[in-house]
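Take a look at the structures below.
Shared chain: chain A. Partners: chain B in the first complex, chain C in the second.
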Partner chain A sequence: MMKKEFGPFFEPKNVAVIGASATPGRPGNDVIRNILANEYRGAIYLVNPKGGEILGLPVLPSIANLPDGVELAIIILSAKDTPQALRACAEKGIRHAVLSAGGFAEVDQGVKIQEELVEIVREKKLRVIGPNTSGHTSTPHQFTSTFFPLGKIRRGTVSYIAQTGNFATHTMKYILTGEHFGVSRVIGLGNKIDMDESDALEYLADDPETSAIVMYLESIKRPRKFLEIAREVTRRKPVVMLKSGSTEAGRHAAVAHTAAMAAEDRLIDAMLRQAGVVRIWDYTHLILAGKALSMLPLPKGNRVSFLAPSGAMLVVLSDLCVRLGLDVPEIEPATVRRLHDISPPFIRMRNPVDIWASASVRGVEFGYREGMEAVLKDPNIDAVVPILMLTEDTGIPSYDFILDLKKRYPDKPLIVTFSADKKYMDECKNYLEPLGVPTFPEIEQPFEVLSILYKCAKAMNRPEQK
Partner chain B sequence: MMNLLKEAMAKGRATLSEYESKRFLSCFDIPVCREGLAENPDSAAAEARKIGYPVVLKACGADLAHKTEVGGIALNLKNIRDVRKEGLRLMKIRGCEALLVQEMVKGARELVCGLTRDPQLGPCVMFGLGGVFTEVLDDVAFRIAPLTLGDALEMIGEIRARKILDPFRGEAAIDQEILGHVLVSLGRIGLEYENVAAIDINPLKVRPDGKPVAVDALVVLRKE
Partner chain C sequence: MMKKEFGPFFEPKNVAVIGASATPGRPGNDVIRNILANEYRGAIYLVNPKGGEILGLPVLPSIANLPDGVELAIIILSAKDTPQALRACAEKGIRHAVLSAGGFAEVDQGVKIQEELVEIVREKKLRVIGPNTSGHTSTPHQFTSTFFPLGKIRRGTVSYIAQTGNFATHTMKYILTGEHFGVSRVIGLGNKIDMDESDALEYLADDPETSAIVMYLESIKRPRKFLEIAREVTRRKPVVMLKSGSTEAGRHAAVAHTAAMAAEDRLIDAMLRQAGVVRIWDYTHLILAGKALSMLPLPKGNRVSFLAPSGAMLVVLSDLCVRLGLDVPEIEPATVRRLHDISPPFIRMRNPVDIWASASVRGVEFGYREGMEAVLKDPNIDAVVPILMLTEDTGIPSYDFILDLKKRYPDKPLIVTFSADKKYMDECKNYLEPLGVPTFPEIEQPFEVLSILYKCAKAMNRPEQK
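Moving on to the complex of A and B:
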């Protein structure tokens, strides 16, 4: 029942923007542009004492002028004006609000204002995101409360929970312009006076529009509650988290060793492991993981095959796999025979696959296609990474053979990376990714991604125990 | 068992003595070494004969949380004369109230288990490499209570020195089932006994047959 309470944030029938602005570039103006750009289908009410019209929509002079039955308010005012607006919204019967303004817990006077907001939320039984949030997004409902100019936000199946304004703004801008995957729900938690990561996770757990959850957190407000919820969710959906502040010393002076050694991050790390949450350590991986979880099946195991056009890459990437907990196993004799069939006789074939000779003698497309198929077929292999050689000198293949292989081996993650001319890397990415095959510009990234996916699979399949 | 805690709390003590700590832990099926308390070197010698030589003799007292630092442990005593002699020396240590006579547990491997409380996460259980280098080696794993046996087995496999679990220098592989139950029990104590602030079992020695046994233990009580 708790979860339903958050419904109006993600599927609002209508929305009021308190602090709507006629001035382009102001958050109160950009938020309206974003709502319009996403083709939100509910009614939009704008409130500004000046009245008039903004972007073709009529403006009401006060919250009291709003019609009854408004579900969600985006309050985009200065910190000091926010409490009064929130109270007025509550009096108008609005129970859900996004508080965009910043400058609360961070400054002296803000602490008092934030306490006042907490009091209003409690007294009026409201549900609130923020304050100090850059907003939230719900692409299945074509809705966003983000005030950073994003335009149309691409729909996808992965949802993000982020305790940073950057994610819903600049990082999202990168995803929208530099990548091809989309998002389902994005929640910027802000200062978490009401909705916290446990609430958000609980909502997304049962959200049919969310297939996987990626989180960035700086703190966990109710860690035991979080553990209780996450422990159950992670059996059904992958949950990946970047938790910052891991180098904090934070040890306690204590008579017992156990207490002395219980640094804060160590306990959080333990809690995340227990919960089945896959911890990541790099900001970039927030994007890589989202992309991989959007496009790939989870691998059945950690056994990888890769095809490289360089001996150096074969060695370096094999070492990397060991570091990442991935296995580069031996392959079936039949697979080895097939690899020999497609290669000139002077080269010894095994896993990982040295594809240079085959690709240069018999053609890039032939070499990679036949080589990839051989290892995709092999029962010892759970995932395949081709390091595609793409130069005009060696010939640019049609990329369709990769789509064909993906279609015929849908259960094994197939991730492309390159040893290539940048022009063709981009071309290949722009062709394959909208059709569901992820590519990564750096050769280590597919393996980093596979390690994350493998951990997700392990967490989902871990034995149930009392 | 609650009496043990209650009495100690009533006396305003910060910890249980080693002997009391082990009596408390053994109520939760945590295996502890054979031992007996003696009031003087003579009765210590009698205890030693019951337990069988060689024995370990320790200074025991409510405020003796760290015995090694004050020279409060005499290892591998092989006869009555040594027990008497060491007994006399230990009785002179400040805070020594009695002598603890223990079997000398064989086995090369020393582990550590413990319980602590985090203000937000509540009771947390630790497992790792034990002995005098525990904090230097810093090879430990934690879990939040309550623990399932699966949680316990997972954390046991998480330490860097996990190979120590395998057969080692002619000694059997560690019985992970027993070890897992020790960790589960520590979590249970954390949830059920608010007056226990922290527990150290260090070392938890591993007998040559792979069975772990608490050789030293410390129960820290909640400050009133």
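Moving on to the complex of A and C:
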């Protein structure tokens, strides 16, 4: 049902760009560049009264000139011109549209225009994304309606639902330039006159291309419906959400009236938890969570082992694990023996693992490889974090042993972080991440990741409720 | 008094390296390289029974061959050879020594040797750092006793006291390769048989080269003395501390027995707060706090303005400010008017500032420059955070306007963070930071910084207690 309703957004056989522009830098031009850069394989129809040719594609003078059977329209016109175009599309039999126009607050009749759009959608039985959306993306179908210049969008398995134009634009730009993971579907909800977070979540729930869902919401339009869908999907796929504590309109008030907000927020928090949605609190964690869910299995439990080149890090990170609800358990006697085997005799080996002496005396690669394998093998351990010491002093290891361990222990999340020389940290990230091992520049971040992943695993396995 | 007691550690007229090594990669060799790389201007005497020459410097065969008047010895021998060397130094009239030997747990007589060192120190009235210290640094004097290969250590105004070898080694390596700020004094306390955190804090309290102090402690040797000193110095200089919740020995237990630890930790927490010490919780914040205190004035209050290119960021970061104890207040009507002047008419301008429309329509540099100046001028605002949008789409600004604003509003912390293209984020950091404007890659970090700085300011201005 969802597939039928929303499929043409994510797997359109063809697309019409209403408001195609010949001027580089204009949204109506950038959207075409993005579609081409993503190597979309369906037919692309451009509409602009001026006609001619844009980026090598012919331009039709009007919507009426479109052939029959167009599945999806991207209407990239001003707010005031949007209703008429939507109506024309409907008359042409196009049932799905992305309404890119923003600035509904910019014209005096903004509210009225939006009401008109609602009316057209209802009357013509259309499905629309927006208005005021920065677009959506579907990498499995090599398609995007985003008008922010992004070029080729990396394919991945995590999908995003974002009630902010920023995600599909600047944040995606960061992911594409600063990270190595990709995305599956990205939906910018905009003013959500039709498709809302409940629809989007329901679609992604059954989407075979989506392994996990990360959301940013400022409001929930149909809370009961949303929680009903969330309760079900969170048993099959992780759902992580940044829910800001205030509404768009109440943003300013939120800061002034903390107490009231906090009460409302506690209620939302409880409902989301009950529905198995894992809440995050920082904008940056939208990226961190997506990266983690793209590259890591969910841990079986919260029992962590980590290997640090510093006693101070062992202590501070143990403290952090406690704060994050992670356990740093005792390990098997056989594991302890193995750790003693690889280390000079004077260090007491246990979990967490002080790897400095082993790595210094017997080599960085040997120490970390053998130490990591020892704890990966241990039945008491669900996830492993090496804090690699990267300095010329003790030598830079080849990182292939980490790939090998990942392959041999696929069920235990393995997350890399570093200490020491920035240059080698960057090199390590750029080597390991395209091969599927996530790294994080700050030593606390792998533990924040594990805390999120563990909550996702717990939500999936939570007992049934009536 | 402190100056007299500890001065020779930080401003030695000359230094003897006992255990100088000709072998590259050995600590006894790297320490000499570090001293030379830092362009130390005092005489350097090397001692090794083999004699000869190391790195162009003559080597004396024994401590007895040293000239009179040597102020400081770096004894970089094995644990078992350290007591005899320390005694010989004392007999030669050397009253200050850095005991680099580690591995006191490595030899069966480790405890006994340490007791012997304590005895020598007492008997001969010496002052020592260590044993088991990775050394100390004094950039104003172009001197270091660190044996980890660091090369030239960047000079700054913040001093560190660290009860971990990691800080003076790997963490300093990160600071030197990944950041642009420098340090003044760095003291690795090691096993602190003589100089402890109270001594170090007391020395730095009156040190004109130290503007702020950042500490990492696992234990406090003389809590009463420490708090007495801390209470006084925190009225003059910010003191920030990462105090891990467990002792070196109890590290493992700490994880197992959280409840007990939490109680003890609450007590320490209350004492530190009363003494005006600002506590941090993450290892990474040792770097973040040092960077912030190096480059920023303390804010007069907790009233923040920030400029973001995204409504979502405005909301989420407002929430974060509330969590961090920061206020995002109303601004003057004149400021609001100014913000409206620089923006297209359809955006409601207030604090926090939605700068997207202004930056998009009137240019990134114009929007941020005028927007930042408007809020910097406002008497209700104590600190300003621009979240720069850095993409080729809207153009990359010249960053000189930020330097200009920093110069014209020197009393208000100005902290930069970014959104969008990683390449330009790195460029921006590398341009602004050497010129004194701190940047942070994650949009939450400037607010964490402001929370720490505000607590420092509050501690300095706290009311007198009996």
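In the analysis below, the second predicted complex is superposed on the first by the 443 of 466 C-alpha atoms of A that agree within 3 Å, B and C clash if a C-alpha of one lies under 4 Å from a C-alpha of the other, contacts with A are read in each partner's own complex, and residues count from 1 in each chain.
Simple rule for what comes next: a residue touches a chain if its C-beta (ideal position, glycine included) is under 8 Å from a C-beta of that chain, and two chains touch if they have at least 3 such contacts.
If you're wondering where the values come from, they're calculated on a predicted model, not measured in any experiment.
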item	value
Partner chain in contact with A:319 - chain B first, chain C second, else both or neither	second
First, second, both or neither for A:443, with chain B first and chain C second	second
Touched partner set for A:103, first chain B, second chain C, both or neither	second
Broader residue contact with chain A after superposition on the shared chain, chain B or chain C	C
Touching partner for A:274 - first (chain B), second (chain C), both, neither	first
Which of chain B and chain C A:423 touches, first, second, both or neither	second
Chain B versus chain C as contact partner of A:166, first or second or both or neither	second
Shared chain A contacts, counted only where both chain B and chain C touch the same residue	254-256, 258
Sites on chain B touched by chain A in the complex	14-15, 65, 112, 114-118, 120-122, 124, 126, 128, 134-135, 138, 140-144, 148-151, 154-155, 158, 197-200, 202, 218, 220
Sites on chain C touched by chain A in the complex	25, 30, 103, 105-107, 148-149, 162-167, 169-171, 173-174, 177-178, 216, 218, 242, 244-246, 248, 251-252, 254-256, 258, 281-284, 309-323, 327-328, 330, 344-347, 350, 389, 391-393, 419-423, 425, 441-444
Chain A to chain B touching residues, read off their complex	220, 222-224, 227, 254-262, 264, 266-271, 273-274, 462-463, 465-466
